[in-house]
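Note that the chains are named A, B, C and D in the order they appear, and that numbering of residues resets to 1 at the start of each chain.
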Amino acid sequence: MTELAFVLAIPLLSALLLALFGHHRGAPEINSAGSLATLVAAAALTVRVIGEGPLVLFDEQFFVDPLNVFLIALTALVGFTTSLFSRPYMRVEHDHGRLSVGRLRLYHSMFQMFMCTMLVALSTNNLGILWVAMEAATLTTVLLVALYRTPASLEAAWKYFILCGVGIAQALFGTILIYFAAERVLGPLGGALLWTHLDVVKGGLEPTVLSLAFVFLFVGYGTKTGLVPLHNWLPDAHAEGPTPVSAVLSGLLLNVALYAIIRCKVLVDGALGTHFAGNLMIAFGLLTVVVPSFYLSRQKDVKRLFGYSSIEHMGLITFAFGMGGPVASFAGLLHMTVHSLTKSAIFFAVGHAAQMAGTQMIDDIKGLLKRSPTIGWGLMLGTLAILGMPPFGVFTSEFMILTTAIKHYPWAAAILLTALGVAFAAMFHKVQGMVFGEPTVRPLAHNPALLPVFVHLGLVLMLGLWIPPYLAEWYRQAAKLIG
Amino acid sequence: MRQLLLIDWVLITALGWLAIGLVGIVLPRNFALISRYLFPLGAALALVLALLALAAIGAAPQVRILPLGLPDLPFHLRLDALSAFFLLLLGATAAGISIYAAGYLRPGEGTAPGLHCLLYHGLLASMAMVMLADDGYAFMVAWETMALCAYFLVASEHRYAEIRRAAYLYLLISHVGAVGILLAFGVMAGSAGDYTFDAMREFSSNGYWPSVAFLLALFGFGTKAGILPLHVWLPEAHPVAPSPVSAMMSGIILKTAIYGMLRVAFDLLHVQLGWWGVLLLVIGLASALFGVIFAAVQTDMKRLLAYSSIENIGLVFVGIGLALVFKSFQLPNLAALALTAALYHCLNHAFFKSLLFLCTGSVLHATGERNLGKLGGLIHHMPWVAWLALIGALASAGLPPLNGFVSEWLLLQGFLFTAGLPHGYLNMLLPTVAGAVALIAALAGFAMVKFFGVVFLGQPREEKLAQAHDAGRLERLGLLWLAAGCVLLGLLPNVVIALLDPVTRQLLGGGLSYTAASHGWWLLAPISEDRASYSPAIFLVSIALFIPLVYWAVRRYYHGRLTRVAAWDCGFPLQTSRMQDTAEGFGQPIRRIFSPFFKRTREHPSPFDTQPRYRSIVEDPLWYWLYLPVARLVEHGTRLIAFLQQGRIAIYLLYSFVTLLTLLVLTRG
Amino acid sequence: MNAMLLNAVPLASQVINLCAAIMLLLGFAMLAQRRVLTLINLFMLQGLVLFTSTLIVALSTHQNHLLWSAALTLLLKVIALPYILHRLIRRLSVKWDIETLLNIPTIMLIGIALVVVAFNVAQPISQLSGTITRATIGIALACVLLAFLMMITRSKAVPQVIAFLAMENGLFFAATSATYGMPMVVELGIALDVMVGMVILGVFFFQIRQQFDSLDIRHMETRREP
Amino acid sequence: MNFYALFAQLLELVVALVLAPILNGWINMCRAWLQNRSAPPLLQTYYTLSKLFHKDVLLAHNASTLFRAAPYIIFSCMALAAAIVPTLSTDLIFAPAADAIALVGLFALARVFIALAGMDVGTSFGSLGSRREMFIGFLAEPALLMVFFTASLISRSTSLSTIVETLAHREFVIYPSLAFAGVAFTMVSLAENARIPIDNPTTHLELTMIHEAMILEYSGRHLALIEWAASLKLFAYSCLGIALFFPFGIPEAADPLSLALAGATLILKLAVGGFVLALIETLSAKMRIFRAPEFLGTAFLLAVLAMLVHLLLETGQ
């Protein structure tokens, strides 16, 4: 109870605090402190849930079960490391004169606000509140993406706002339909939007309505997940916003959107008893893996490059959950974890790299390794990890996903492997060019915060070689919930 | 605590390598420590590993399960005869290479010494793990880690675009290959979905699935082994790596691919089909011929050796293919003969190719030149390297009484039995293949004479070569170790064959030992003495007797007067070092005879050139026929797909709109 | 609650269906409308209709929290947003005439097709709908889709936003009239989001015009692949 | 292995060392007769050898140790080869030491060393000669091996003694395959021993020479050894030809009587063989170096043909 209260309240309070004092020199410290406190609270919550099992709180509006508690912990962790990273990053941006003090205030308070919405979306039990939180997350991130106020960033933000706004609207319609169907079973006062209640009665829900509802929800939240062909906002938003924002977008927002889809999938599967939702997710998952892998080789902007890679991995996860079953869902959850850890680590490294080069153009970034070995190795290892090279954890999950696919959908496995091969060729070629060679980049004024990078990569490496038993157990339970 | 088995000790050795690497990375700049203590320590561990493997070859298989890996698929390890043999190869070769590397390492070259130490020993450890792995996941992890370490080692001089390109090509192709291997495991695990090798052994898939698995594995391991047409990365990557790494890649990493191939083809798959063997034969012959022809026309000494590696791997594949053919006809002992030849050749190649690569390393350090056109006459300045390289070259040329000859002899003996096969075409065609093998061996002789002669003999083609210095003490030690290996493996074939016997028994259920051993250590007679026999010992002894005898006789009955004069050369008056055959010149007959193999581009001088210039570039046609088209295809695909994203928000909205409507209609209908 | 349903007066449902029809009509009108000012007025009208329908549902089914949401609608959709929009276009002095990406008749035809699709899709739902208002959900869906189409076809930022808000209207209509409204907390949240979004957009318009010195979104096509 | 075997082995070696130069002289004599020249004496080669042995060695400045060691190595290889080939008896102590394949390897070893020696001084002609020698070598080697294979398939063995025993002492069978093999073998041995039409041992014309070009820098005792080795090589090849295609008269036992008989027959056969060689050399003209592949390719084809013929016709028996 209290833990969750803290988890949700701390970001909110620190957002307000930063809205007031965000322009002070100490703002980054407040930011990090707030994130750290959130992390601690989240850890406590996790321990609690491991100990006592699922919790339902605040007259059932909030609940925590194995599925979302690990996402909460992950979100808090990545939020914290990102805040650490953004300290020197934002300083450098400020020194380069790209950000005024006022903007820094906006950035800090919005960052915390964003974390708050994420955590609400993850921990709420009410599909409506989930929707509200997702919309709020969109609004906050729109502000963050447009932070630089350059034409490019405004364009990106605009597209982001319109596309995701429309998408979210569809999701609302889907929610209404679910409510509509549930009300006929639970009655208007029966908490017809509370997932726990729905989960109980899901067998009795009207199949046709739920299938239509799922279509709307899938298109809606799928837009935020970045499923092809709804993904078009994603590369722009990743490329034009400040790098910490790209990191949390890739690392957290996409996960949360996907989490929403999964929650709905559980209900729909219960109601339909068919593999309708699964097939939908498999189809879009495949599409979402294949298309971006072909985009990669054309990219000139490094953050755009990794944006597309995020889309690809979201597709892979969607595919995994679409297949369902203990192994695939396990792999999907694992992939969520390692992807957000790795991708945010990559963005940290990329951010500093871009600052060193003074540009995001891949062709103008060369020889990172010579100037700053840590950044160079961070980027290189991160890329190798995200490309599914053992012994990093991404390979673990991809191994499980692919082997399951070989078993059940051999044709899909072939397609996936081709796409992954193309992605490897394209992406590694570009990154190698940036990391190796004679340097064109200058060293940084402030010494970069690369602790997060290596903490993340260390975790990913560990997950590649050894998944701690309790974590595995946790994944198993979550996978059982998803089915 | 339970007492430690051999497999545990092997594991501990691998961990020891890792520990060495970590110590290196912790003290990255402490050059003295790394070169003087860590690398020799690594060499010592390699020796230990070799001894353990030696003990393990005869022993019963041992298994261990580590608490690592996936929750429901922990790392399974297994130490049986096959893995023991390849571990022996690894240890014995790596010992020489490591001790050499200890002397070879220079401060301020390529990557920081500490990092180099980590990658180098990481590579060793991962290779050991590849040999030990007993489930798909552990194997893939070890396999890709190996590729990764090798990639970083290749790229250690990454300021040159050429090297970056080579390294990229290497990692890309080996990654694609790994995908193939993964699929092969998937097929072998089948519907059971259990990825331990034991399960795969049990799982008897039927119909065309075994063939699918075999072909996938062939593709996967072929990329690493560098067989045609998957070889293009090899002549790029092997030469540009630091020489000890080149030696490791050619000497050992290629063998891991052979190991995988054997593991899949003979151990994991429950049937062996004849046409697999024929396929391997064809591919092997093609690779061998292609490799040796290209080796003969190279102008870069390390590229030459790299192509020669392709040739040798091709020969190994020929042996494996032959074994498969015999196995498919239920002739275990003949299969054992062929497989023995293949494994023997693996061992030999590991020794002489590492030796040669290390020699080029010393030459590189002494002269800074890889281009054959700028070397020559080094035997005067670096006698040690030269004479040891001569041993390597002779062995690589497959000449008695050195080791290269023994394996080729066994291979040819194997071919002599193909006439007895109960199959209409094979018994006609396969014996003639022996002719091709002989041609390949002879061409290898050509290439090796070119290599040794141009680098070490003749007059120096550049002034700076006069300052060339011989290899240091540790480097000499490493070279000596490998050269001794070449000689001993050539002299004691029966010992080696007795060593190989458990492997062939494990894989084929047949062996040579009972006949081979029956004639004593000095006489090799795999089938029977009057069938075929070869005794390198007598061979060497008699030559070694003759030479001093003749020398003594000449000196005894005649005088030994000798005066140094200028070279005669048909009395041709003014001679410069440029008048000797260059590498191109030496390769000219090959270029002429095998012209269809090459893609040649020439630059002719016009009659009016003030400084006429002639160039002839020989390239690999496969690159243009196979790889560029694929690249273009992908490029085209990207162009098509990129068209989807025009930047217009209206279009994007339309996408969502259409998606929504389609889904609605589909769901409704 | 069935009791409630039974004594629900048919008149109310007739009125609600009338509102639904008007909603649809307004949707088409907005789709066809070229002048921004008129567009805003139409939007306001739609809000008004929404308000009335919500009010009627509230009264006829005695669900008090629907009164709140009716009030909210009045406040937000009929007063606040139109006012803000008016001020915006005056401050931004948007050109009155707006050219669409397709010519109007074609759009109308597509719109009709959409309505057919919407009804077809909504048919099973409205069949098992126990509420007094069967067809409304189909119409709500039609409104949403029409607004969607409008967003696609408009090339200026302001109309696009108005279309976006119209879509919100459709959703509200579905929520209130088809399912007697969502729980209060949700509706508050939604309203809040719409409000905040509007404010953010208001800020954006100035930024955009300052950067591109126009609100034509066709200037914002630089981030592209080829 | 009994005393006779050892004795026969030693005897064979001595005979080879003695007869090889004489065979050379005999061929030159026949050539001279066939070309209506006044023939040199039969022992001319001996005179040349001893003259060379007595001369000083003139060594080029940058000749390395390898250059000086090569003659001894080559000579020993050839001597060993001559000792391996069964001429007087099949019961030899060296017999198990090396079979046909090993013999090919032995020739290759000698070839590689002489080629290296040719490159060592670093003159234009030396390297040219080495290049051509290796080039001829890699064409000739497979053909030679195929010839051996045919014989081995017939006798189910690659050990020369067994081959000879099979061919000479089993029931008499006509092997058509051996006819093809014989032609192939003749062509190969012409190429390998630097005879016309591939090479001309008597010329020093820069553009055509192969063998001579390599040993251009040798003089004195080194040259003598090389020449002697060359004649040994020729002798070994002739004996091989005899052993494979006219093995009749090579005894299995090694008692003095049969050895003497064998020696007589051997000399007879060699005389005929030498005359035939001279005849071939007189009748044919030297061909351009790049016609050599065709020549040896034909030899290879014939050898393969021989093997196929054996597999088609003779496996039934």
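By our rule, a contact is a pair of C-beta atoms (placed from the backbone, for glycine too) under 8 Å apart; a residue touches a chain by one contact, two chains touch by 3 or more.
What you see is a predicted model, and the numbers here were worked out from it, not measured in a lab.
Participant: Please find the path from subunit A to subunit D through touching chains that uses the fewest steps, and give that number.
Facilitator: The least step count works out to 2.
Participant: Can you list the clusters of touching chains once subunit B is excluded?
Facilitator: A, C | D
Participant: By number of C-beta pairs in contact, which chain pair leads?
Facilitator: B-D
Participant: Most remote chain relative to subunit A, going by C-alpha centroids?
Facilitator: The chain farthest from subunit A, judged by C-alpha centres, is D.
Participant: Whole-Å distance, subunit A centre to subunit B centre, using C-alpha means?
Facilitator: About 44 Å separates the centre of subunit A from that of subunit B.
Participant: At what distance in angstrom does the C-alpha mean of subunit C lie from that of subunit A?
Facilitator: So the centroids are 31 Å from each other.
Participant: How many angstrom lie between the CA centroids of subunit B and subunit C, rounded to a whole number?
Facilitator: Going by mean C-alpha positions, subunit B sits 71 Å from subunit C.
Participant: As a quick test, compute the distance in whole Å between the mean CA positions of subunit B and subunit D.
Facilitator: 36
Participant: Mark out which residues of subunit D touch at least two other chains, giving numbers and ranges.
Facilitator: none
Participant: Two-or-more-chain contact residues of subunit A, please, as numbers and ranges.
Facilitator: Those would be 158-159, 162, 166, 170, 212, 295, 298.
Participant: Which residues of subunit C are in contact with two or more other chains?
Facilitator: 121, 124, 148, 151, 217, 220-223, 225
Participant: I'd like to see which chains touch which, written out pair by pair.
Facilitator: Every pair of chains in contact is listed here: A-B, A-C, B-C, B-D.
Participant: Looking at the complex, which residues from subunit B come into contact with subunit D?
Facilitator: Spelled out, the residues of subunit B in touch with subunit D are 376-377, 379-380, 383, 390, 394, 397-400, 405, 409, 412-413, 416, 419, 427-428, 431-432, 434-436, 438-439, 441-443, 445-446, 448-450, 452-454, 457-459, 523, 525, 529-535, 538-539, 542-543, 546-547, 550-551, 554, 557-559, 561-570, 572, 575, 577, 579-581, 585-586, 588-590, 592-593.
Participant: Which stretch or stretches of subunit A touch subunit B in the complex?
Facilitator: Touching subunit B: residues 158-159, 162-163, 166-167, 170, 211-212, 215-216, 218-219, 223, 229-230, 232-233, 276, 280, 291, 294-295, 297-298, 367, 369, 384, 389-391, 395-396, 399-400, 402-404, 406-407, 413-414, 417, 420-422, 424-425, 428-429, 432-433, 436-438, 464-467, 469, 472, 476 of subunit A.
Participant: Could you pull out which subunit B residues touch subunit A in their complex?
Facilitator: 67-71, 136-137, 140-141, 143-145, 148, 155, 158-159, 161, 164, 167-168, 171-172, 175-176, 179, 182-183, 186-187, 189, 191, 193, 195, 634-635, 637-638, 641-642, 644-645, 649, 652-653, 655-656, 659-660, 663-664, 667-668
Participant: Quick one: which bits of subunit A touch subunit C in the complex? Just the residue numbers, please.
Facilitator: On the subunit A side, the touching residues are 61, 126, 128-129, 131-132, 135-136, 139, 142-143, 146, 149-152, 154-159, 161-162, 165-166, 169-170, 172-173, 176-177, 179-180, 183-184, 187-188, 193, 206, 208-209, 212, 235-236, 239-240, 295, 298.
Participant: Using the touch definition from the top, list the residues of subunit C that touch subunit B in their complex.
Facilitator: For subunit C paired with subunit B, touching residues are 101, 117, 120-121, 124, 145, 148-149, 151-153, 155, 217-218, 220-226.
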